[in-house]
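The next part holds the structures, each set out as structure tokens.
Two complexes are shown next, each including chain A; its partner changes from chain B in the first to chain C in the second.
Moving on, here comes the complex of A and B:
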């Protein structure tokens, strides 16, 4: 297939949009790993909870209610999860953490399937986000008729705003300063009299809340069925690994990279299937700590 | 003295030692005479779980209870349980299937029981589950599956172990084509028949000068569905702009849809099933493809294989007007369909899916074949099924073709209903055309494959 300028533009947009979902999920994943040192395999299941809540509220009361209710609710669920289960595993080996979070993910997935069924639940896009954008009207270099769904552009925008907000929180606030210090040396921070555990609880809640935002805006794109969480977990986890464990900037970079790679290999099934694994192998061979990873972390 | 005594003894009983020896030899010779000298007799060697011991016979229902096709699997299981109930107590299609030797008193006088397994829509899991049923639960027949990859995997295993496998929902040409097996039988229709039935309707609706782009699920069924659709639409004068294979676990099809948008195609054919189709169709609608014009014509979307459960998942606004095919629909008015819909609805409170229909019919057909053969001995049951012609099961006059174990029957061209045209929460599709068996019939030789021997090696 010849790569015309139109095709190139569409592939770039698709790559950005695919990357957006990965980034939103990977952001929570890497935030939790970076601060708590927990590899949270239940993160895909948090996204799953978010899309089921979002679709239920959206279909019953409308999108605005879903947007107002779901992310804070996910924050609460995240905090409860951290207090009730995850904190008991901070001092346990990584394998125990992986087993318990993975097990939790399966339990959540099967529970949701039990309640909602295995079939897809249609997630209607709100009127203001429905329809297509006529790209050729905005980008004069495109020839003829080039369109893209409006909602997917909104998803990219939401992703950018969320990333910016998280960066601002970590770099411009006192809370962020403590968290970043905790990421470096939690023990020293505790010696200085900071209740780091309470802040870590908030971070876990924050990670879950980002999954909530991803669910509200990503639900109509990824669709709502019980397989979605696990399907997104593997690429998102690889995004964290490629970007560098615990690195927010790395997660963003790797998310976009993976999205682009998947978009541009779409016509070729074999390449499309293996591309993210291939990138992971190459990156880890060349740079074991990941693209923007800190020295010594999972190297 | 001795001689006199011996003489006396012979007179008293009428038997001498020599007579006994002669009789024994004659008996041994008669016993050794091959049974084929006797009409309808068979060498009763043990095959699979034959002979069936005790007063009960066990059937194995191996369906996806978890995974992407779990809803379809749940409906299949409902149908199987209903079939068992009818086999043991009468009712349902036992009253309409003709010819039938089913009495409502089990199979060959044995009460029918069953075990269930979970295929997880995964070939390895389905094989493990089927093997457990065969080896531990001693099932005489296995049936189920809601994906061609899974059906083919089980069919090979069952054939090897001498257990008849009655396929559930499988639509790939390979199941009764290159992968056909003596011990495997399919009542459901296939991709080739879909192409044959659907393409003339498509060219009538959308014109002969069309250019199609295919998105295809990357496994056995998707591949054969794409080949068949391409073959028959090109026979109608259409051309093919491209085909992209999509991984089975894809949930976001935007990268593939971008390629379609960028091509000069004016028809999008989604060779996807289940959650795949729901996602690709919904994504295509989001891309504005239902309201778009290409080459001066409306861009059209086609879903070759339809089901009510998929239509529900995609939502009726998205499937409104979209054409495809189904094996059966609960709105059919023939006697067999009506009796099945009524008994299923009475039992469960909602009408059955096409997956439920094919699974129910398969169970009855197997039981009837045992009754016709007068035995559970698999080679005889297979022979009873081969070239069996029947009516009253919901698809008009049907032939279980002996040469490839494919049922040749009427199939349905369906169209999605608009939200306002729906009359109930189960009413998503309307029947556009019932294409008769003769039209969708084909030469089984085109797909190759060998059934293999009646007695497994």
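Moving on, here comes the complex of A and C:
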């Protein structure tokens, strides 16, 4: 490996940046799966809604408004979806859940394509996030002149904060305690008199909101076109599967792993997307429940 | 005599299908279908009938059957280009290769059930897709697709227009008959037992994995035949053949038509292609939106698809009091 320290550092950063979007999408997926037991094929479409809302609000009123409006709006959309559609499918087979959310994904994608057109809409990065970072000023071991787009580092920071917030919510609050108990054994929780339906609704909204945050910050990086949703959903699903269904830590670990694998193989193989599928196959054969999946959960 | 009566009873559906299919060039243009679309519908009938052996019988939802369709299509294309313009050796090699790949993919993916299986099959198909787009670009043509094939020939018959249609239709009828035979064979029953209760089946001492793999490989074989015929019908292979859209389309066709009925998915295929190519003239760009909405409505209100709808109508209008 004739890789310089500079190239190595840049690969690490790119890996983190790729991974952080996967983690944000996968976090919502795995949260919804872990609590509600629903496989949400429409999660990429929720991200799609978020980036289109974000780009419209950003280009019309400015980024601050997009940041304030989009995530809560996604929360509301998530709650409405859960009440209107998803809750009808709790008792139906997983296949039906996949099918209905797959249909939903098509409808959302086509609606947005109809309204906004099939072409990429430029997402203007706000002034404070524009430009490049001079990495060699912060990291003295780098040689010469090393730069990296500032916005991508902001995206990584936002992901870290979001992940920390979700962990704090689940592990430090009473609400989180109930949710974690629900992931373990929803039926028992109902016997104990906990209104689980209302919490499920909130969890779905929360998953959608994380997709909203991902959309606001990820839009400028992933671009804004109707294909983005499904394109992101497939690797995010694999992140969930590799990490272990319903495991938040697993999703983070797998997201970073996939991001790194992609960024480090980029110069060597001319198809660095293949590496994701290879890792998935190997992990599932060697450790079917995923890296950090708990025993017995959809093994 | 009873034997003959049985033959008629067993194969009524196949004969009716054959009659409808073979007369398609006469009645299909009356409802606005252009010539060529009927061939495409027949090709997808083959695809979905095979897919129903997996999804309908065993209940395993694959989101990656485009892989076998696409691999067979690319192989057929490459064979036509570099070996001979005769379709028979090309189709033989293509179907054989895709079926072999399916054995490998099936062995790996069938270790898991439910959602894991769906996601794994999707991952495999996407893997082949990205391979065709990048590593194997020299052979597949990458983004532009595989072009430049000679006119496909069946010995000295040019495979164009009516000859393609009848060739495809005869293959479709034979394969539909085979699927029907599988359905009422002991093997077919075992496959259906996997869907209703796999654990119970295994407790009776039967190796369920063997039958799952068999169903998977048979469905991949049908997908491969469809993929190979697609190139015979139109000498072009796009990378979309391997994409998840293609897999999703087959899932939509099967579900709209009615999973597990063999005839239902074919109705679904006909409906979807007719919708996409004929009705979309009025709907314009929004046809997929409308189709997605129809698909969702079917999943929510009529999980049995068109076949369930037909059964409901029959029950309402054709059941007498004593026939209940």
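Quick notes
As a working rule, the second predicted complex is superposed on the first by the 293 of 299 C-alpha atoms of A that agree within 3 Å, B and C clash if a C-alpha of one lies under 4 Å from a C-alpha of the other, contacts with A are read in each partner's own complex, and residues count from 1 in each chain.
Following the convention adopted for this analysis, a contact is a pair of C-beta atoms (placed from the backbone, for glycine too) under 8 Å apart; a residue touches a chain by one contact, two chains touch by 3 or more.
Computed from a predicted structure; not experimentally measured.
When both complexes are superposed on chain A, chain B and chain C clash.
After overlaying the two complexes on the shared chain, residue contacts for A:99 are found with chain C alone; chain B is out of touch.
In the superposition on chain A, contact is made by A:17 with chain B only, not with chain C.
Residue contacts after overlaying the shared chain place A:137 against neither chain B nor chain C.
Judged by the touch definition given at the top, the superposed model places A:185 against neither chain B nor chain C.
Look at A:107: by the touch rule set out above, it reaches chain C but stays clear of chain B. By the touch criterion defined above, A:151 reaches chain B but does not reach chain C.
Using the contact criterion defined above for the overlaid structures, shared-chain residue A:119 touches chain B, although it does not reach chain C.
By the document's definition of touching, of the two partners only chain B reaches A:225; chain C does not. For the superposition on chain A, the stretches of chain B under consideration are 38-46, 128-136, 182-190 or 434-442; the one running into chain C is 128-136.
Shared interface residues of chain A (contacting chain B in one complex, chain C in the other): 110, 113, 269, 273. Across the complex, chain A meets chain B through its residues 1, 4, 6-7, 10-11, 13-15, 17-18, 21, 110, 113, 117-122, 124-125, 131-132, 146-149, 151-152, 220-223, 225, 227-228, 231-232, 262-263, 266-267, 269, 272-273. Residue ranges of chain C in contact with chain A, taken from their complex: 59, 61, 108, 111-112, 114-116, 118-120, 122-124, 126-127, 130-131, 133-135, 244, 248, 251-252, 255, 285-286, 288-289, 291-293, 295-296, 299-300, 303.
Interface of chain A with chain C (complex): residues 39, 85, 88, 92, 94-96, 98-100, 102-104, 106-107, 110-111, 113-114, 230, 234, 237-238, 241, 245, 269-271, 273-274, 276-278, 280-281, 284-285, 288, 298. Residues 66-71, 74, 218, 242, 244-247, 249, 251-252, 254-256, 258-259, 261-263, 275, 278-279, 282-283, 286-288, 292, 309, 312-315, 318 of chain B touch chain A in their complex.
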